[in-house]
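Take a look at this one; I'll ask things after.
Read from first to last, the chains carry the letters A, B, C and D; within each, the first residue is number 1.
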C-alpha cells in the first residue's frame, strides 16, 4: 500500500473546514493535526481529527510532510517562514502578505529550504476558466486582444473588515489580477483604477471604494478590464471573456440547475450561485488535489510564490492609481 | 416602368388588413379593390383603397389579375372556384375547406382554368423553420429520425368558435401537419391522436378537446410528435425540433428583445411573442411576396392546393383517431 | 461516536464501483464486503475492501445490516429475496425483474420480513428533475397538462445486449415511465407506443426498435409524451418539460462548463454531458445517501418496490402496444 | 385626407437609400427630391423619385418642409446651417462636425431660425437598448452603479478612411458615448482612454488605435466602461449591461434566427448579425418615424443638437486622454 502524505492544517474556519473535508476524502492523505486558537471541538471530533490551539505543534511534528495554511491573512507570511524552516511543503491561501518586502522575505526562506509553496488562487482550477486559458494558449481565439472580467460579491463585508483588508484591490480584485496573468500568460505593465462609493457609505468612511473599474495594459500588448462591486443582489457574479483575432470565449455564471420556468412574467432561469464556496466548490477541491500531486510527484507547483507576489504588486499599483487618479506602472 | 400587378383582396378582417398593409408597401403591386360585407370604411379610406361589400365586384373586374382570399374559411372553396372561373390567380388562407371532396372540386376547377393557387401556410416562410427544413434537406442532421413540435396558443377561443372550427386538428394542428410535411419532405402514413379537455370545459361541451398529442408515422420511416394546447399563459409557444443521425436542429421561441434581467428571483428573459400576428409577422410578409413573385415570374407556387388537401386529410385522420382511440391511416 | 452502518455490495461492475466509491466517502458507513464472480482484485485492494466471488458470504454475514444490489438485472429478484430472508435492508438497481409475477413475489418476501427496499431510480434525485417535481407539487405550474420527455442515448448498445434487455421500453424507457409517475404524482392509465428501426438494422433483427414515441394518458387526466432514440451523436440527451395552466418548467441538458465560444461559425456552447455516469453523477450519490438515511433513520424509502413494479407494468403495456399498434391499458 | 410632409433627402449612399426606402413606406410622407453629386439614376428611377446632383435644389424649394441630411460628415454642419436658414426642419446623421465650435455655430443658427434638429443616434431607438434605458429610468435596477458596453465592428475600415474619420473615439465610440448619456440620464465628468494597435498596423500608421478601453466617471456618481475593437471576426458585437443596486439588465447580441444546432461539436446558435444595417434595421426605421412625428406633431426632438455636441466633446476628451495617458475632464 502507498505511503500516505501526512498533513497539518492551520486554520479551522470556513475555508479550513472546506479544505479539510476535501482532504479527508482523499485515499493517499492523512490529516494528522489541525490547529486553530478557537478550535471547534465538536467538528474536530466528528471528523476524528486531532485538534490543537497551538500551531507550533504542527511545525515541530517531524512526521508532518506538509502544511495547509488557512489562517487569517496577517499570519500567512510568518507561518510560511516557520513551515519552510521546519522543512515542510506549504499550501497557503492568498495573499501571502500585503507588504511586498515581507512576501519577498517569505519566498526567500521558502527557496532557501527547498520546500514547495503553492498559493491558493483556486480560480485557476475552475473548469470554465481553464477552458478560457486553453482557448488563449492554443490560440483558438488567435491573438489575444482583450480580457474582460466582471467580478462582483453578493453582499458587502462589514466596514470593520474592510479596514484591515488592504482595500478592495488587495482583498477582492487580487483574484482578478491573478486571473489576468493566468489567462494572458503575460505580466501586467500598467494599471489605471477608478472607484466609487455607491453601495455602502461606511466603506467610504473606512477609506475604501465599493465599486471599481480597473484597466490594465499587458506586456504582450493586450488590454484588460475588470469591474468589481461589493454588492450584486442577485448572487455571486463571476464572468470572464477573452477576445482575440479569431473569436471570443466567455465563461458565464454557473447555476444550481439548468431548469427554465416559462411564465407570463418571462422565461426565468437560475440566478448565479450564491457565493464563493458554492461557485468555486470544484476548484477548491482541484487546487488541493493539485498540491498533493505536486508534493507526491515532486513537481513544481502550478501557482507559486511569485504568482502571489505579482498579484499583490498589481493590487498595490491599482491602489496607488486610485489615489493619484493616474495610470501607474507595475514594477 | 414595370407594369404593376392588379389585385383584389377578399376579406378585411385582422388577416385581411395585415396582408393589405404588406401589399401596399410593394412597389410592383396595386391593390385595386377590397371586398368585405362589413367593410371598415375608415380603414379603407386611410389606405386610399376602393372598398366594396360585394365580392363579385372583384370577380367581374377584368383588370384584376389575382385575388387574395382572406375571408372566413367556409367561403374559401366557393371563392376559389369563382376566382378560377374568372381567370384570376389565387392566394387563399388555409384551409381550403373541411370537406376533402369540396377541396378536390376546387382544385379541379383551378387546374381546368390554368390559374395559380397558393395556400396560406405562412409558417413555411418563417426564417427559423426554413433553417430546420434546410437542415433536413441538406442532410445537415443526416437521416431524419424525429420531428417534434410544440404548438400552443396563448388563450382558448370562445367555445362558440370551436363549434364551427372543425375541431382542434383541422383548426390549429393543421399548421403543424403541414409543417411535418414541409420539414420531412415526406407524406404522412398513419396518425394516432390523444386528447383531453383540461383548459376549458366548454370546449369539451362543444365536442372538442383543448389539449392534444398527435403521433405520426411518415412514409419515409421517420416519426413525428405534435403537442397542442389551447392555453399557454406565457404566450404563443411555437417550438420545433428535427432530430437525425448527425444531430438536431431546434427552433426556439422568438422574443421581442434579447435582454436579460438578472435579479434575486433569477435571470429573466423575454417570454415568447404574444400570438401569431407578432410571431409570424415576417412569414406573412414573405408568403405574400412569394405569391406575387409566383404570378409575376410565372412559376409554380411553393405551397399549392395539394398541400392544402394533404394537411386536411391528416387532420381528418387525427379526428377519427381521437374518436376511435386507434391509429388511423391517412388515405 | 455514532455506530456505522455495515454494508455488503453485490456487483462490482461500472455501477458497483461508482456506488462503492460514493459509500466509501460517507463517515457513517462501513462497506464490509463486496461480491462479484469476476471481482477486480486490484480495484478491491486499492479501496482496502474485502472482496468475494460468493454472494452468500454477504447474505450469511450476521454483521451486515444492508445490501446494495448492483448485479445484472436477471439476478435482482432472487438476491432481493435472499437478502430479505436474511433480514437485511436492500437497495436494488432497477429493474427488479421483467416478469411482474416475480416482482410481486420478491415484494411479498420483502414485506413479510419487514426489511426496507429502495429501487435505483436515481433520476428522482437529480436536482433539475426535483425542481420540476416541486413545480408540479407546489402547483407553480398550476394544473398539470403535459409532461414531455426527450431521452436519448449517445450510442446504441450491441444488438446482443438488446436481445436480453427486455426491449427498449423495459431497458431504457423504464426510467422515463418512472419519471412520469414521479413528476405527475399520478398513475398511468393507458399507453400508446410507436417505434421504428432507424439507427441500427441489427437492433431490428434482434426484435426491438431503436427509435420510439410513447404517449401516455394519466389517471389525473394529464397527458405525457416520451421520445427515445438509441443514438444521439451529440451526447446523452435528457430533457423534460412539465406544462400546466400557470406555465411551464423545463430541464435542459447539463454541460461540463458554461463557456461559450463566439466564432464566425456561430456561438458554440458545450454539448450535453456524455452519458449517464456523467449526467447523473449527483443523483447516484444522492440516492445512495437517501438509502443510508432511510435505514439509519428508520423511515420509508422514497422509491419503493411498488415504484419498481409500476414502471415495469407500464413498460410491458408499451411493448404490447407496439406489437398490436393499439393503445393498451396499464393494469 | 391628411397633408403629407414634403421631404428632401441629401445623400443617396448606403444610409441614404436605407432611410429613403423607409420613408417611401410611410403614408404621411412625400419624398420630393433626393440630392447626391454621384446620384444612382437607376435606383432613383426604380423608386419613382426626382434626383438632383445639386443640393441647393432642395434648400431653395419652398415646398420642402424638412431635409434628411445623410451626406458625408464633413458636409453636415454647412448643410444644417443652409437648411436652417431656408426654414426647413432637419434630421442629420451623426456627427454634426468634429470641431465643437463649428457644432456650436450650427446649433446657434438652428436655434435662431426656430427649426427642429434631430441627430441620428439611431441606437437610442433600438428596442433592446430602450429596455435598458427604461430599467434605469424606472429604477428597476435601483441606483445605477455601472454601464458596460462592448462595441466591436466586424472588420476594420481601410486605413485611408481612418485618417479622415477623426479617430476611433469620434468615429466609432461616439455612438457608445451617446449611449452612456442616454442610459444613465447623466452627463460625463471625466474620461480615461487606453488603446492599442492589435488588428491592423496600417491603422497605427494612420495615427489611430484599433482596440480601446474607455472608462468614464459620470456626474451622477456611476461608472461606465466601453470596449471597442475594429475587428470581431464573428460579426457585429453590440452588448450593453446596466448594473445597479437591485440587479442588472443586459442586452445580448441579436441574431438572424433562434435556432440551435446540437452537434458532436457543441450546441451552435447563430452568430451576431453582420453589421449595423442588419443589427439596427429597426432603430433606423424608428428614428426616422420619430423625426416625422416630431415635425408633424410639433414636439421637441428626443435626440437634439446638444446630444450631438456632448458626444463629440466626450470623444475629444477621450482622444486627448489617449495622447496624454491621463484622465481628462469633459468640459
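Assume a residue touches a chain if its C-beta (ideal position, glycine included) is under 8 Å from a C-beta of that chain, and two chains touch if they have at least 3 such contacts.
Nothing here was measured: the structure is a model prediction, and the numbers come from that model.
> Write down the chain pair with more C-beta contact pairs when A-C is set against A-D.
By the number of C-beta pairs in contact, the winner is A-D.
> Report the chain whose mean Cα position is at the greatest distance from that of chain C.
Of all chains, D has its centre farthest from that of chain C.
> So what's the Cα centroid distance for chain A and chain D, whole Å?
Once rounded, the distance between the two centres reads 42 Å.
> What whole-Å value do you get for the distance between chain A and chain C if each is reduced to the mean of its CA atoms?
40
> Could you tell me which residues belong to chain D and also touch two or more other chains?
In chain D, residues 233-234, 237, 246-248, 261-264 touch at least two other chains, as defined above.
> Quick one: label the inter-chain contact graph as line, ring, star, complete or other.
complete
> Could you pull out which chain A residues touch chain D in their complex?
142-143, 145-146, 148, 150, 152, 192, 194-196, 198-199, 211-213, 215, 217, 221-223, 225, 227, 229, 231-234, 237, 243, 245-248, 325-327
> Which of the residues in chain B come into contact with chain A in the complex?
233-235, 237, 261-272
> Can you list the residues on chain C that touch chain A in the complex?
Counting only chain C, the residues touching chain A are 1, 25, 27, 46-48, 127-128, 131-132, 135, 140, 246-264.
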